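One chain, chain A, links the two complexes that follow: it is found with chain B in the first and with chain C in the second.
Take a look at the complex of A and B:
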């Protein structure tokens, strides 16, 4: 089975993840029922002539990709694969409103051009002059997972270095409308995210990019052992059985998993199956969460993979992510169990290398 | 990794027909589906032509036999085409083999979102568009409509999207991750895309003329097409029948400009060459090319040059079928995959309509009449915004 080595990461999130020294200290709370990403000063990463025209998702994606590439210290990649649930939503909305407000007149093409979901991947290709494989996945809570699955197949097909990333942005109107549809809630500080009894997520945004390498190098931080997606599992038992099989495929059992990062979103309707599984996970592994600090979005699993990589690198489980007082004695294997809307579930397995 | 991958079922709905037999009839009769705009609400409806599906949303709902108000045009047509492909293939998704759905779309639920977007701020009536606007929605609708689907994902690489869905499906079968996959693409016509292409000034107000010196742009279309692809192991197990084999594919990036193709067609040249390389065929083995051929000045010149770069002075017979269907964006490559299989099965090249004058710079002349000729190997190209270039190679079985 093909594995991949993580040689560089770049992450823009509601936290200070852009700072390579940051390790889950000074955690920013949500702004009520949503999080905003903390955006860096982009001119360090993107040429001013390009920066001017770029929407926020493009800037966040290109910058995070750039950081990952710098960290991995590579000049070229053999493939660029991005994942995004809503793509360049700000540009889409801008062009749509221009159409609706001006009765289809006086339009300029810039926001239409940039509204295309593959804009981030193609901008990175343009900047890097990368003529190779370029794919964009746009499937809800599988958008980022699909990039990783694809990369592992490409390694088996002979590629050596691949850039993957998840990108999501929100807009003020998007927040207003989804709030109106009762999709969000302010998290009750007395009721942690893994014990929610009420519906509503905390909407968020962010990007996380990874330079993956087929072979281990001195830059390698952690290893990706496998990925699996589950579409609409019926019960928590289904997920449990699939998880056992997934771990078995990698010659592991749950007791080998030092930290299990679980995708609790704070919405009881979506989290119920993970809530049911939590006691069994805690029995053999150390359970932790991440959406309490990154919020919920289609590609939150990219933040989770960034988090898992950090845990392996630092060999420590920060308090901000902990569910119980248990702390792992070492962090050799990290399992990410993400869920999105209680429909898209995934397992991603990371290991020390 | 050496397992062969076959196309075993076809499904398609577009301006030239609501299913594959209707589409085939239109193709053999050189009957375009592009005409006056009826369904799309736009102030330009009398100024431009489009390749619309000839059914209203309520007629589509009747065909799908689902009155769920959350369904939009994108989902209706995707479900219809996917179901047709599955029925055509004869696969049984309950037989325990692993079935995937890999779809693609560019604007997804926009055709409905744009009708209600402003109203959403004042009323609560159509808030469901928030759940159906994204690209994954129609894919999951297909999966649930077919039932017993183990894997879903969605691709969006502009106008090459469905080619990439087909390619990914092939790879997942070869990697042993799935036994068979329903692959394709869908895009319903929207005011959003119509105005987008109009501001780029690449819409022809008359019928598009791919590869003609005097071409002025494309006609937008809408449609959905899916093919069932199966690994030879799964196909042999159920003693199914193959319609064609997929023997080559490649994905490259032009990395030249966000929307325009490079003048020399660098990305396209590489995509065609790499697809050929994978198949082990020589350029002279290609009997016919179903071109991307949108009718825009930029694409057709760039694609012509790429074709010459690969095939030299032995350019195979070629045509663009976009003057039948219009440019259906994410669905284009799967519609053209269905058309390519029909060409292989029936030994027919469908004509490049509206062509009169070759491009001076290249002198290439497409087939302008229906040609009856045995075909073994067909190349199909699809290129998109963002420099995405994809080529597929189909072989007769």
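Take a look at the complex of A and C:
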């Protein structure tokens, strides 16, 4: 079974994750029912002549990709694979609004060019002068998972170094429309995200990039052992049975998992199966959450993978993520159990290397 | 003419998202493409749309674009020559 080594990471999120020293301290709360990403000064990462045409998703993706590449200290990669649920939403909106507002006339090319989902991957490729494999997955709640799956398959075909990332942005219009549809809620601070009894997520945005290597190097921080996706499992038992099989495939049981990062979104309609599984997870592993600090979006699993990598690197479970008082004595294996809208479930297994 | 040039500066900055450029930094006689503002072919399309949207001018022959978009002043002169300022 092909594994991959994480040699560099870059993450822009509602937290100060852009700072490589940040380790889940001084956590920013949501702005009511949504989170905004904390964006860096992009001039440090992107040339001004490129910057002026880029929407936020592109800027966030290019910057995070740049940080990951710098950390891994690589000059070239063999493939660039990105995943996004909504793509470059800001530019899509701009282009569509121009069509409406100008009666289908005076359409300019820039926002249309920048609105396509593969713009982030292609901009990184142009900057890196990478003419190799370049692919973008737009698979809703499996978008980032698909990038990771593809990377593992490419390693099996002989690629050595691959840049992968998940990207999502929201816009004021998107927030207004979904709020009207009652998709969001302000989380009750007295009711933790994993115990939610009410519907509504906290919408968010962000990007996380990873330089993966087929072989271990001195830069390797953690190892990706495997990934599995589950589409619309009917019951929590279905998830449990798949999880047992997934762990068995890697010669592990749940008791070997030091931290299980669970994708509670705060919406009881989507979290109920994970809520049912929580006691069994807590019995054998240390359960933790992450969407209480990164919010919910199509590629939140990329933030989860960044979080898991950090836990392995620092060998500590920060209080901001903890569900109980239990703390792991070491962090050798991290299991990520993500879910998106109760439809897309995934397991990702990270290990110390 | 000066008032039109100033107006064009603001419109170009907005249309081309030149957030880093201040109107007073644009020399009306500097080339718009290559040197000067360093615009490119995508910007040329944006400028064509700008002329049509704000001044009702359609450039019929694309070859004329090279002369019209040489500088801010040539753009302003062209708009004036079309009686659209």
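In the analysis below, the second predicted complex is superposed on the first by the 353 of 353 C-alpha atoms of A that agree within 3 Å, B and C clash if a C-alpha of one lies under 4 Å from a C-alpha of the other, contacts with A are read in each partner's own complex, and residues count from 1 in each chain.
Going forward, a contact is a pair of C-beta atoms (placed from the backbone, for glycine too) under 8 Å apart; a residue touches a chain by one contact, two chains touch by 3 or more.
Since this is a predicted model, take the numbers as computed values, not measurements.
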**Q.** Partner with the higher number of touched chain A residues, chain C or chain B
**A.** B
Q. Now for A:265: first (chain B), second (chain C), both, or neither, which partner does it touch?
A. neither
Q. Now for A:15: first (chain B), second (chain C), both, or neither, which partner does it touch?
A. neither
Q) Now for A:49: first (chain B), second (chain C), both, or neither, which partner does it touch? A) second
Q. Now for A:108: first (chain B), second (chain C), both, or neither, which partner does it touch?
A. both
Q) In the superposed arrangement, which partner chain does A:7 touch: chain B (first), chain C (second), both, or neither? A) neither
Q.
Is A:131 touching anything from chain B or chain C once the two structures are fitted on A? First, second, both or neither.
A. first
**Q.** Common interface positions of chain A, toward chain B and toward chain C
**A.** 105, 107-109, 113
**Q.** Residues of chain B defined as touching chain A within the complex
**A.** 1, 42-44, 105-106, 108, 110, 113-114, 117-118, 120-121, 124, 127, 130, 133-136, 139-140, 143-144, 149-158, 164, 168, 171-172, 175, 177, 191-192, 195-196, 198-200, 251-259, 266-267, 270, 384-388
Q: Using the touch rule from the top, collect the residues of chain C that touch chain A in their complex.
A: 15-20, 38, 42, 45-46, 49, 52-53
Q: Report the residues of chain A in contact with chain C in the complex, numbered from low to high.
A: 48-49, 52-53, 102, 105-110, 113
Q. Which of the residues in chain A come into contact with chain B in the complex?
A. 80, 85-87, 92, 95-97, 99-100, 103-105, 107-109, 112-119, 121-123, 125-126, 128-140, 142-143, 146, 149-150, 153, 156-157, 173, 176-178, 180-181, 183, 229, 231-232, 298, 343
